[in-house]
Amino acid sequence: MAVQDTETDSRLGVDLGAGLTLKNPVMPASGCFGPEMGTLFDLGQLGALVPKTIFYGERAGNPAPRTAESPAGMLNSIGIPSRGVEHFLTELLPEYTKYDSPVIVSIGGLGIEEYDRLAERLNGEPGVAGLEVNISCPNLEAGGMEIGASPANVERVLRGVSDRFDGPVIAKLTPNITSIADIAKASEQGGATAISAINTLSGMVIDVDNQRTVTGTMTGGVSGPAIRPIAVRMVWQVCSAVSLPVVGIGGITSAKDALEFILAGATAVAVGTANFTRPTTMLDVIEGLKTYVETHHLSSIDDVRGQLEEGMRVAIEPPRPATPVSGRAG
Amino acid sequence: MAVQDTETDSRLGVDLGAGLTLKNPVMPASGCFGPEMGTLFDLGQLGALVPKTIFYGERAGNPAPRTAESPAGMLNSIGIPSRGVEHFLTELLPEYTKYDSPVIVSIGGLGIEEYDRLAERLNGEPGVAGLEVNISCPNLEAGGMEIGASPANVERVLRGVSDRFDGPVIAKLTPNITSIADIAKASEQGGATAISAINTLSGMVIDVDNQRTVTGTMTGGVSGPAIRPIAVRMVWQVCSAVSLPVVGIGGITSAKDALEFILAGATAVAVGTANFTRPTTMLDVIEGLKTYVETHHLSSIDDVRGQLEEGMRVAIEPPRPATPVSGRAG
Amino acid sequence: MTSELLDANGTIPVFAGTHVPQLRLPSSVRLEVMQTNGHHAPAATFVETEIISNEEIAPEHYLMRVRSEALANGEPGQFGVIRPGSATDIHPILPRPMAVYQYDKAACTADFVYRVVGYGTAAMAQRRAGDIVEIVGPVGRPFPISDTTNGILIVGRGIGVCSLTTLIDEANRRNIEIYAVFSARNKDVVLGKDMIKKARGNALYVDDSDGSSDVENVEPWISEIIESGRVQQAYVCGSNRLIELVTRLAAPADVETYVSLEAHMACGLGYCHSCATGAFGESAESPLVCRDGPVFRCHPAGVTV
Amino acid sequence: MTSELLDANGTIPVFAGTHVPQLRLPSSVRLEVMQTNGHHAPAATFVETEIISNEEIAPEHYLMRVRSEALANGEPGQFGVIRPGSATDIHPILPRPMAVYQYDKAACTADFVYRVVGYGTAAMAQRRAGDIVEIVGPVGRPFPISDTTNGILIVGRGIGVCSLTTLIDEANRRNIEIYAVFSARNKDVVLGKDMIKKARGNALYVDDSDGSSDVENVEPWISEIIESGRVQQAYVCGSNRLIELVTRLAAPADVETYVSLEAHMACGLGYCHSCATGAFGESAESPLVCRDGPVFRCHPAGVTV
């Protein structure tokens, strides 16, 4: 069976701010996507393309094993190997710009200055529709988690990037913090034009017979359905704290899941781990969102953004959904 | 089939500090246990008994529904209804002291002073073997999360309680923070004699057809297997930061899971959500730990505490466990 | 049998400040927690037993028969909390509350009839004869049938009928006349017919396909039974409209009305406070469906008890 | 066919600083990433197809046959990444890499033989004929068989044999002489016998129960085959000791040795970097098992290529 292509539906179009409009709100999460997926289906159907985070120079990943499973989730300690920005521009970017979807380049840094250098280098490069600033990877010895947990550092990084890059700048936040609202505000303050949340939660899985962690490092990042309730809550907090458009990320496997984020206030969503589970998940989500706008008679998916009420309340006969959203399992 | 009773095995005895020794390291997590379980099996087999958090006065819980499921986990927004300390001492405590296990009373507060008053009131009460100071419930309008996220407040609460209560004082930490190590240190500073970690992660599940949260409140606490990798990581961080004994909590369903926490450094463990899944889980864990000490020829379960090495490393033939730990599914 | 009201205000501390609207019960109905009056219903046990059979009995509906002396000796209205799957580490982790549809005390079996509505019930439907199932039960306060009763009215809709069917056997055993109205979305899924037939009860089976289940349609039948004085107690489950109807018609005739409620549960034993009756209070906790229910007495609003 | 060495030091940037010990390969063996030399192995597709059969063929071992033109047209050594269950929201969420045991290009089918070792393979064993299974495949670089080869040696242990069996068919088709050593824990679970029989290959079946699988025991046989000059290429999978043995014996005789490696995978396509070859570098990434492998060339340590 061939993968079914989706048709563009104008009701799914969304605006991520700073001129970044998407034909639909569905994109891959950084690190869970590559041009290799292009052999499976036409990537031009996606709202945007997000390559794995790049660094300015070359760096290696972590010792193997780099992935393991946890209940309804996975743990990764990939560690962001990167061949550097020049290699990215010459070898990888052309693999992405072949498709009819804007490319949002995810950038990382071992220190604050690396972000500045990357922003400067990528500014004006054709094919770079925007930047996602990864201040949240918990696997890095330096940079990553430390920068993303401090409002002052976050503001500084975003200021540096937005001063140097003329286009959309999305701050990607870590969940390993006390107040994601504060970090979102700091990002806004620093000039971010959108927020994406969340990255992986720091976690650890142990092989008790071998008395070792199951990945090559002590800790890894937890992703997948297991973290979805936490991610939805954080997106809701971010949306309550800032007025920027938000990309909701964390455990999305279906249109139903994507809608949780949209109802919590997200303008768009990104699919990470579920791309491994089922490589056509993003197309399933797009199709499911079409069904939702259709059955809910919406002129735009944006009409339900943030339309969330508290508490389902107990009913002796709970209100049965008139038109259940198709989505797998649960 | 009747529930199989477990026999005491001296190799499972552990010391939680401040004179609190347990016949085995397995206890229930607060809020996931009650004397009602006594109709199912002899509660005196447990290492300790931990009732649901009490407040000084009477308070109601949250609107229903109060629980929902999330992938491999659950969300609760119970909200700690309490009939107050006097009712606890006269009506509930006697239901716990019937058994041959120390009772650790979990106390909560809407403000710092409430903890002081509770500590004072409970000091010297026969049958109260120790206090667990719940500074971490994320469902409270006041107190809970706010107190537990600030090292200064945490230190103050623990100082207040340990000054007033002559016995073991266990600080129960919230995971909804940037650095659990800092909070653990603040607890130690304040006079805590042990740490328990973790409480639930703040989360949100949305019914997308009804555009409402599935619990009666906007957010709830996520618990169960889904959070285990996060809990193990946090316990490992706590154990690296302080020298106090630690009770590991979060998603434990089997001896294998309990051993993850013990290898990460925990002296004892508490079982929460799994008591709902299978009410005899705690007995299964005790039995599984016996098998482990037996097959690993340990003179005490404490011998493996913290004995964790980094990285399983890839092997073409991965080392097969000589004696797999019995545990259900996974 | 008097007591604490769910919507009482401040007078009875435990349930003070509770709000009936939380329950979405019709505002015309108020609930009362039954006093146990010294009657001790069978206590919960942890049942780890074999599935004898698990078959589809109607579209989307299954009957699971399990072997258990404890469950077989429960009382009408009590229920079990069943773990859908066999693994403890993976989804789903919460057990599902299920009424006992039928006991066989002699054979030591209990039947559960359930509708597949979500992941848990779908997982239950996958289980096979011979598999081990884990159940906490019997739990909850049973439906009371008074010694002086010689006729009962049973009104149920959908899977709500499953909470009522054990009353049929019990009434039959005690030579009590049975009048039942069983409703469903369509004819195929009207439950309880087998039980009525066995007990030779009087029943009206209605459904939405032909409009026969409309309240206006069943009202005359129920009204007539009640006014004729043939029943002294009425039991309802599974429909707000039917609860409201029966409560309204029964009160003037001094027919006691009881309802069995649903709530999201975790422990099923009364310690987790998951299943508070949808009510909340400013100062204290509301009754729990698993421990103080699932059976509650119904009164028309405005009645003070 | 020369190239980048996994344990090379600084000379080839991509793999610089990698450490062989991470792989727990015997330290006497070093790996080489094969050059594709213009040969384009079939590209991966997303296969959503029916399970034709899924039967236990030996204790703990199952054979799953699926219908798929893409998989049936893969090359020896390529594999599939299979989703064990059907739900996407619950455990397990990662697909499992599985070698293709046998193709039937005419019938458009591919077989997977797998051993139940954990949750995912246990879930696979639960699937039934008619269920839909999702597979990304064929993926990876195939085993090369040179045009001048007239004999091959195949050495496999346990489920490692499954990565080698498609070589048997291919060699047979090309009238290449086959010599195989297949090993397992006990006689019941020695895989690949059916394939050898069909191809009328020469094989030594050994197992641990009688010590016949000891390296000292298989060494003379392998040694004789190699020294006799009857084979030009050797393929190993599933045992460190056998990789070390074959590499050591083959090198002096100029027999090229290839190994198929295992690694934890997520995407199977080369973008997630989960399956780096257990090696890590101070300055750059090591080869990926799914994209640069799973087949690698083996050399004795100390050989520079």
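The first chain written gets the first letter, and so on, giving A, B, C and D; residue counts start at 1 in each chain.
Definition applied: contacts are C-beta pairs under 8 Å (C-beta built on N, C-alpha and C of every residue); 3 or more make two chains touch, one makes a residue touch a chain.
What you are looking at is a predicted structure, and each value in this text was computed from that prediction instead of being measured.
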Of all other chains, the one whose Cα centre sits farthest from chain A: C
Pair with more cross-chain C-beta pairs in contact, given A-C and B-C: B-C
Chain centre separation in whole Å, for chain D relative to chain C (CA means): 58
Centre-to-centre distance between chain D and chain B (centres being mean Cα positions), rounded to whole Å: 46
Separation of chain B from chain C, taking each centre as the mean of its C-alpha atoms, in whole Å: 34
Contacts with two or more other chains, residues of chain B listed in rising order: 63-65, 71-73, 216, 224-225, 313-314, 329-330
Residue numbers of chain D (touch at least two other chains): 22-23, 89-91, 119, 263-264, 277-278
Chain-level touch network, classified as line, ring, star, complete or other: complete
Partner chain D, residues of chain A touching it in the complex: 1, 3, 31-37, 39-41, 52, 58-69, 71-74, 76, 78, 81-83, 216, 224-225, 253-254, 257, 273-281, 327-330
Partner chain C, residues of chain D touching it in the complex: 89-91, 119
Residues of chain A defined as touching chain C within the complex: 71-72, 313-317, 329-330
Contacting residues of chain B [partner chain A, same complex]: 63-65, 70-73, 75, 149, 176-178, 201-220, 222, 224-230, 232-233, 236, 251, 256, 259-260, 263-264, 292, 304, 307-314, 319, 321-325, 330
For the chain C and chain B complex, residues of the former touching the latter: 13-14, 17, 22-23, 43-49, 83, 86-95, 119-120, 134, 136, 263-267, 269-286, 291
